[in-house]
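Take a look at the structures listed below.
Both of the next two complexes hold chain A, though its partner changes from chain B to chain C.
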Partner chain A sequence: MPGVEGYMYPNEVSLYWSVLIVLYPYITGLVAGAFILASLERIFHVEAVKPTYRLALLTALAFLLVAPLPLQLHLGHPERSYEMYLTPHRTSAMAMFGFVYLWYLMAVLVVEIWLDFRADIVALSQTTTGWRRLMYRILTLGSTDVSERALHIDERVGWFVTLIGIPSAFLLHGYVGFIFGSIKANPWWSSPLMPVVFIFSAMVSGIAAVMLVYMAMMRLRREPIDMRCVDKIAQYMMYIFVIDFSLEMLDLVHRIYEADESFRSLNFMVHTKLWFSQVILQICIGTIVPISLIALVQIVKFSEKWRKAIYVVSGSLTLIGVLAMRWNVVIGGQLFSKSFLGYTTYKIALVTREGLLVSIGLMILPLVILAVLVKILPPWPEKSAVSLPAPSVGD
Partner chain B sequence: MKITRRHLLLLLPAAAVAWESVLAGTPEQSPNYTMTEHWWGMLIDISKCIGCGNCVRACQEENDVPDGFFRTWVERYHVDDWHITEPQVISPDGGKNGFPVAKEDEGKYFFVPKLCNHCADSPCTQVCPVGATFISPDGVVLIDQTYCMGCAYCVQACPYGCRYIHPTKRVADKCTLCYHRITKGLTTACCEACPTGARQLADLKNPADPIHEFLKTHSIHVLKPEMATNPKVFYNDLDGSVR
Partner chain C sequence: MSVFRNAGHLFRLAAVFVVGTVAFLVIRAAVVPRSFGEYGHYRGAAISEIASLPLHFAGHQTCETCHTDIAKMKSAGMHAHVNCEACHGPLEKHVKDPSIDPGKPDAAVLCVRCHAASAARPKWFPQVDPAQHSGGIACTTCHNPHNPVIAAGGSK
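Coming up: the complex of A and B.
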């Protein structure tokens, strides 16, 4: 059979989870990571990262809005997906997706963004005209009180929402890891470390994404990059990346040392079909290089120009490395037979519903949404300080 | 043609025989079938399987299984003395058209028919997000294909590779143990087509079923017992190398 080495159970020859299922954990990971970066400032008072706080929230929202799309496109009957809400199967990890997603979107992210931008929305609803005025008026949800007391309440509630948001972000992405980690039939996936590894790699990718988006936006706006901020972000990224890499290596070493019945099969797979995507792309280029580069910045004093270049390179490599990690989990987990006697091949199609073009589109879409969000809710300090009219009567 | 009394007398017995033949092919109605009185499984006797592929063909015909996918298939194992735990396995087109002639060399050859194990603790049922996959009260793992959304999580969760996504229906599909037949008192298509009796439908709740005597007197194994799925396809004479 073409593309098959050794013996696959006959129904295993074609892969059932395509590149879209690679994108799904990747995108939710970016959401979780971006949110956790935002919470650094809010909860842990890391003042240095403040310039990216609002941008991180909007980035999280942009990616979260796109997160269910790859799933929907992958389903055989997307029109039935609402059944997951109506008749969720309680024993299914996947059934919880809808609820965790809705909780995170509606109860955490949207609420936090609204609270944080409310004063700006009120101001914009008073300074703009035409349809924009109407849009901002709707976005105020009738809450136009921007008195000091009201803003203080916003701040307190926002803080509380962020506090809930951190475990929610962990839940959102940890649960994605659990979807894979709980499949006992698949030794490549079945690991209690899987949700933890997913969470840490999510943080790394989300932080890298926000850092790059911030640097790109500053360049587009021809404004100076706050180097104290990106230095700090890169530092955090490196720390979390080290934890993530250690966990992944722990998993690897454990597998190698234990060498259970699946080991020979998985070992062969890593040395052949996954050699480039796992060893070269994920481990070497996507992990060791960015960690080393940022570590170098901590040791050697580089000029601002060099630091910027290093951050752009290491951020981009990190994103590639984490995407490769998702690929290796999702696609790698289907390349070998559950009989441990053979291997199949995955060929990505170009223009099909689950093809390469759709995948590229799905990765561009959040950036388009982010551009729109940034236009509607400018996260920049000078815009947020739009001169508010004097508090209205009764405030 | 004018039908005379003589013609009618000749035609009536012929028509009766034809009608009898039609009825024979119709599954008998079983309005009294009570699900809770049965607990279905299957017995597969490896030593009896000759790898003819009759079962695979019968299944494909009975259940309209699409080409390239299998509700049941037959594997041929080749185990030599030096690779006791590393068998060489083939299943060309699911064994549908039999197997190439084996080389007369070292080691042993044997056939292993596979199908959904209708596990009592089935991981596919556990993971289905909408509950489209379920275990019927008579112990058969079934799919409500009008409800399945085709996410393929169950395909990933099955340790035995028994599930697939139907290429045109775009929903999960697998062996139903010919539920439409067994609830009408018939056996499965694969069991019926097996020329050696290597496959036997078994009702564990029926005290008169020969399965009980067989299980008592033979060395029985299930596939991948370490998965703790509680399978109900029982294998007699199963080699330890079988995955």
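Coming up: the complex of A and C.
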């Protein structure tokens, strides 16, 4: 049979979970990571990252809105998906995702963004005209109270929402890791470390994404990049990345030392089918290189221009590395036979519903949504209420 | 009351959530079928709906009430446990009205469906490579489908 080496059970030959299931944890990871970056400022008072606070929230929202799409496309019949809310299946982790998602979207992100932008929304509802005015008026919910006390209350409530938001972000993404980690029958997935590794890699990717989006937006707006902020973000990214990498290596060492009956088969897979995507792309190019680059910045004094270049390169490599990690988990877990005697191949389609083009579209869509969100709710504090950013991506 | 001063907008937000939740509950009450959850995590009425679907298969017991000769022959041979309709296809219509001629299965495609050699079949199951075994001659020239072992007197 083409693409099959050794012995596969008939139901293992073609993969059920396609590249869309790779994107799904990737996108939710970006959400959780971006949110956690925002909460750094709010809860832990890291003043330096403040310029990205609102941008991080909007980024999280943009990606969160797209997060269910890969699932919808993969499963088909989106018109039935709402039924998971109507008749919840309480013993199915997958079925409960709908609630985790809704909670995170409505109770955390939307509320936090609303509270934070409320003063701007009120101001915009008074300075704009036409349909925009109507939109902002609806967004104010009919209350124009932006007195100092009201804003103070918003600040307190927002703080509280963020506080709830952090465990919620962990829940949202830990859940995704849980789905894989709890699949007993698959030795590549079944590991209690899975949710933890997923959360840490999520933070890394989300922080990298916000950093890049921030730098790109500043570029587009022809404004100076706040280097103090970017330096700090890169530093945090590196710290968390080191933890993430250690956890992944811990998992690896544990597997090698334990060497259970699946080990030979998985070891062979890592040395053949996954060699490029796991060892080269994920571990070398996507982890060691960015960590080393940022570590270098901490030691050697680089000029601003160089630091920017290093951050763009290491941020991009990080995003690629985390995507490769998702790929290796999702696709890797389906390439070997549960008989441990054979391997199959995943060939990504191009124009099908679960193909490459759709995936690329799904990765661009959040950026388009973000561009629209930035137009509606300008995250730049200085001129927010007065003028809207003129040159913006997409739209 | 002073605690809630300047918090009016929060009550509005809360109201939006309450309205949303109430709307959800109303919609849920309206669209979830009455019989949902009667027996399990599905629509109870589905069972009777499925039960009232038109039949397609009659079952071998029904065939055997009329085709006693074939039933007898078959029960003596290796195909004793292969259902009539596994080869003849669904014949409920024929049972209702025997004058509807069901026709005969095409042995050229029928037998190899089960007997063509394949690694996926259990080893104990009798399998042949059709090209080698019969060289294109219809299986029924030599085997009686209702009692296929030739040595057992099942030849036609």
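In this text, the second predicted complex is superposed on the first by the 380 of 395 C-alpha atoms of A that agree within 3 Å, B and C clash if a C-alpha of one lies under 4 Å from a C-alpha of the other, contacts with A are read in each partner's own complex, and residues count from 1 in each chain.
Here, a contact is a pair of C-beta atoms (placed from the backbone, for glycine too) under 8 Å apart; a residue touches a chain by one contact, two chains touch by 3 or more.
The shown structure was predicted, so the numbers you read here are calculated from the model rather than taken from an experiment.
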item	value
Combined model on chain A: chain C and chain B, fit or clash	clash
Which of chain B and chain C A:87 touches, first, second, both or neither	both
Chain B versus chain C as contact partner of A:42, first or second or both or neither	neither
Touching partner for A:173 - first (chain B), second (chain C), both, neither	neither
Touching partner for A:10 - first (chain B), second (chain C), both, neither	both
First (chain B), second (chain C), both or neither touched by A:307	neither
Touched partner set for A:337, first chain B, second chain C, both or neither	first
First (chain B), second (chain C), both or neither touched by A:77	first
Touched partner set for A:54, first chain B, second chain C, both or neither	neither
In the superposition, chain B vs chain C on chain A residues touched	B
Region of chain C that runs into chain B when the structures are aligned on their shared chain, from 9-17, 27-35, 117-125 or 135-143	117-125
Chain A residues contacted in one complex by chain B, in the other by chain C	10, 87, 89
Footprint of chain A on chain C - complex, ascending	5-10, 12-13, 16-17, 24, 27-28, 31-32, 36-37, 41, 120
Residues of chain B defined as touching chain A within the complex	68-70, 73, 75, 87-91, 93-94, 114, 123, 125-131, 147-153, 155-165, 169-171, 227, 243
Chain A residues touching chain B - in the complex, by the definition given at the top	7-13, 16-17, 71, 74-78, 80-81, 83-84, 87-89, 91-95, 97, 179, 183-186, 333-334, 337-341
Chain A to chain C touching residues, read off their complex	10, 85-87, 89, 106, 111, 114, 118, 140-143, 145, 147, 149-150, 153, 157
